[in-house]
Structure formats: structure tokens, C-alpha cells
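A, B, C, D, E and F label the chains in the order they appear, each numbered from 1.
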Amino acid sequence: MDFQRYNQAEQAQIAQMIEHKQMKDFLRLYSNLVQRCFNDCVNDFTTKSVTSKEEACVNKCADKFLKHSERVGARFGELSQQMTPPGSPQ
Amino acid sequence: MDFQRYNQAEQAQIAQMIEHKQMKDFLRLYSNLVQRCFNDCVNDFTTKSVTSKEEACVNKCADKFLKHSERVGARFGELSQQMTPPGSPQ
Amino acid sequence: MDFQRYNQAEQAQIAQMIEHKQMKDFLRLYSNLVQRCFNDCVNDFTTKSVTSKEEACVNKCADKFLKHSERVGARFGELSQQMTPPGSPQ
Amino acid sequence: MSMFGGGFQAQQSVNPQNIAMAEQELDMVTDLFNRIVDSCYTKCISTEYQQNDLSQGESVCIDRCVAKFFDVNAKVGEKMQQMGGGQPPQ
Amino acid sequence: MSMFGGGFQAQQSVNPQNIAMAEQELDMVTDLFNRIVDSCYTKCISTEYQQNDLSQGESVCIDRCVAKFFDVNAKVGEKMQQMGGGQPPQ
Amino acid sequence: MSMFGGGFQAQQSVNPQNIAMAEQELDMVTDLFNRIVDSCYTKCISTEYQQNDLSQGESVCIDRCVAKFFDVNAKVGEKMQQMGGGQPPQ
């Protein structure tokens, strides 16, 4: 994304918006991770607390999810830069 | 959630925001319920109107969904209070 | 939906809001389409580029998805008009 | 000549609550539409994707699916009004 | 008498950042609740819909499911703080 | 000295439409990223969770999955421009 075409005052406001959204995006990643790992790992409702087996599964799931997101982010960044931005001269 | 740390003017604005969101949350619960009960109960597309069997299923589904949400809400409230709020003295 | 009960200034603002939302709705339809057709059609990760078989599938999926949305839209419009708007005299 | 913007906007006052209500109504209708597109796609469209057009069977299924979704939506709405003793929004 | 609106609002200044923080907190709690409703419905509720009430087994399952979701949420939170060295939000 | 806020903001005027456009662009990219994370997790990650790291196979799968998702996104975009005769957003 290229916000160079906007003036400085606009860029300042956009930067603030990005910062605000980053927090939101992080919280969303976190909630997605929790829900996915819960769904994949917790299936025993004969106990009230998370079992050690479930906890181990959640740990691996959380690690994998974060590494997955990071790897997608790296590829995403590379591929985004290769794309010709719309409206730019070809 | 504890909004005591905010001043009165802020609390008034937050209260208004909560009220506005409650309506939104209710509408969302309602739409989720409709979609879930439709997906679980309506599978016969040889007729144009909901069959009596489908209607009975939707009725039970709606009742269960509401009771489920209520029960989750009760447990959620209890567990939220037990949690040490972030930033409070331990 | 009937916005006749609002005054002209309000209707102008509502019209602007609708226009803004239409763009958002279109982008959302587009993303839903891409994700659905990707999920349904792309399952071979031994290659880096989309295969011709996958591409043909995506093409058919996109066409079907758009025609489906259009048809739902037509029925939706008809049924919405038949409904008695809430709050109107019966 | 008015000092505060165009003459038109100054003649009528916009009630922000009306705008908020219109927005909520709009969002609800859009949400309903999106959920129907989603549910009826899953119920009616074969993911084999052998042709670009909707088959006769798929088309009929979509029509009935939309009608039944409206039906379920209305029935659940009535049910919730009875339970909550709630008034429909004006 | 103040020229700028009611006396009450004029006495205290509203810090928009505080309002934004309160909104974020509220949205997070609502999101958590909705995810729990969703996951625990899938884990605990039989979609046969043979009765309008929650069965004894379903009720117990919901209680444990909510408790375990809180558990997983807390454990993942700790884990991410260790990894990121992040501070919990005040 | 300006009567209306800081000197900086007063020198350049912020066009709210530009801010709205930047926000829409940002939201689209974030949405695309989230959908890729989601789809590629389902396609590539084994939910057995036997290790904390991505396996070699999972890593390769993610790289190809992201590339293919971009491919499908672009192909569907072209298709929709041809159909609608629409202009790409500037």
C-alpha cells in the first residue's frame, strides 16, 4: 500500500488510523487463535479444568498458529510488492 | 469490566455506547439463532413453505439456543468476576 | 426499506451512507466469492501456480456464485416488499 | 446568505438518532441477505462445478430456500416477541 | 450560564482516548462471549432437537465448556506475553 | 497564531474522502490477509499437533497456498472487471 499520494496532514491521520487498527488486528488474531486451538484440542467435558493432554495440545496449536501467521505474512508481503498497484503506470 | 477509573462525563458517554451496542448485540444473537436453526432444521426443498416438522425443529432449536446463551452468560459473568482485573493491585 | 419518514436533509445523508456501504458490500461479496471458490477448487499444493483444472473450476464457481447471489437478490427483493413493514397500519 | 455551509443543509436539522436508526435497519437487511446467500449456497449449489450456469434444480432450490429462510426469520421473530413481550422497533 | 451546552458536560473534559479504550475493552469481552456461545454450542448441544430444554448432560457440558474456554484464553494470553515480552493492557 | 487549533493541521486541509479511501484500502488488505491465514491453515496444517514447529511439508504448502490464493484473487478480479465493465479503483 502506498499512501504517498496523500498530503502530510492526511498521512498523519492515516498513520494514526493504522496504529489504531493494528491493536484491533492483534486482538483479533489472538481471539481466532484461542477459538481455533480450543476447538481442535478440547473435547473432554467430563472434567472441569483443562487436562494436561489438552494443555499440551493447546501449546503446540498456539505455536503452530503463530508460526503459520508469520509465514503467511512474509509471503503476503513479498507478493503484495510484486503486484502492480492499481492506477499506476504500466 | 470496571469503568470507575473514568470521570463522570466519560462514564456517561460509555454508558450511552454500551446501550447502543446492546441493541446491536441483540440483533446479532437473533440473526445467529435464525441462521443456525435454519441450517440445522430446514433440509427439504421439495416444498416452498416450512413443513410442520421443520417448524417444530426450529422451535426447539430456538428455545435451546436461547437457554444455551443464557447459561453461557451466567457462567461468563461468574468467571469474569473471579478474574483479577488487569492493572488492579494483587 | 422506506426512508420516507425522514426529512430531506436526513434522506440526503442516508443516501450517502447507502452509497458508501454499497462499495463495502461489493468488496465483501468479492472476498467471499474468492475464498469460497479457492476453498472448493484449489486442493493441489504440489504446484506453485494454479493448474488449468483448478482455474476452470474457479471460473465455473465464480459464475455460479454470482448467478446465485443475483437470484437470491431477486427473490429477496420480492419477499421484502410483501412483508408488512413494522410499525405500519395493518 | 448563510455563513455556515450551503443553504439547503441549514434549513433542516438532521437528527443523528434518525441516521443511526436508518443505519441499523440497513445493516440488518444486509446481514440477512448475506446470511441467506451463504446458507442457500451451501444447501443448493453442487460444488462439483460442472457448468457455469445454475441448473434447473439449483434455481428452484434457491427460490424455495430464500422463501423458507424468510419464513424461519419471521417465525423466530414472533416467538421472541412473545417471550420477551418486546415491541417491534417502530 | 455556559454558552456551550449543559453545565455538566462542560465541567469535565472527555478524553477521546479513554472512550476508545473502553470501547475496545467492551468489544473484546463481547467477542469472547460470542465465540464461547458458538464453540460450546457445537461441542455440547445435540442437533437432534428432541426437546425444548437443555438436558442435564448438555447443561453440565456448557458449564465445563465455558470454564475450559476461559482457561485456554488465560493460558494462551500468558504464553503470548512470555513470547512477546508484552505488557498486559492497563 | 491561529485561533483554530495547531498551526500544522491548519496549513493543510484533510479531505475526509481521502481518509475514507485509505481506510477502505487498508480494510481490504487486512481482510484478504485474514482470509488467507484461515484458508491456508485449513488446507495445510495438520490438527494432530504433534510438534511445535511447522513441518517441512506444512511450510512448503503454506508458501504455495498463499501464492495460489493471490492467483485466484487476481483471476477473479479480472473476470469481474470484464463482466461488469467496471474500472479498477484508482
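Here are some notes:
The rule is short, and it goes like this: a residue touches a chain if its C-beta (ideal position, glycine included) is under 8 Å from a C-beta of that chain, and two chains touch if they have at least 3 such contacts.
All figures in this text were calculated on a predicted structure; none of them were measured in a lab.
Here the chain-to-chain distance from chain B to chain E, counted in touching steps, is 1.
When chain centres are set by their Cα atoms, the one at the greatest distance from chain D is A.
Comparing contact pairs by residue number, the interface of B-E is reproduced by C-D among A-E, C-F or C-D, since over half of the pairs coincide. Centroid analysis (C-alpha atoms only) places C farthest from chain E.
Chain pair with the larger contact count among C-D and A-E is C-D, by C-beta pairs in contact. Per-chain Cα centroids separate chain A from chain F by 11 Å. Separation between the centroids of chain A and chain C, computed from CA atoms only, is 25 Å. We define each chain's centre as the mean of its Cα atoms; on that basis chain D and chain E are separated by 27 Å.
Across the assembly, chain F contributes 38, 44, 63, 67 as residues in contact with two or more other chains. Residues of chain C in contact with at least two other chains: 41, 59. A ring topology is adopted by the chain contact network, closed into one cycle in which each chain touches exactly two others.
One closed ring of touching chains is present, and its order from chain B going to chain E first is B, E, A, F, C, D. Chain contact summary for the complex, chain C toward chain F: residues 20, 23-24, 27, 30-31, 33-35, 37-39, 41-43, 45, 47-50, 54-55, 58-59, 62, 66.
Remark: chain D residues 20, 24, 28, 31-32, 35, 38-39, 42-44, 60-61, 63-65, 67-69, 71-73, 75-77, 79-80, 83 touch chain B in the complex. Those residues of chain E whose C-beta lies close enough to touch chain B in the complex are 8-9, 11-15, 18-19, 22-23, 25-26, 29-30, 33-34, 36-38, 40-41, 44-45, 47, 49-54, 58-59, 62-63, 66-67, 70, 74, 88-90.
If you check the complex, the residues on chain A that touch chain F are 1, 3, 6-10, 13-14, 17-18, 21, 25, 28, 32, 36, 40-41, 57, 59-61, 63-65, 67-69, 71-73, 75-76, 79-80, 83, 86-87.
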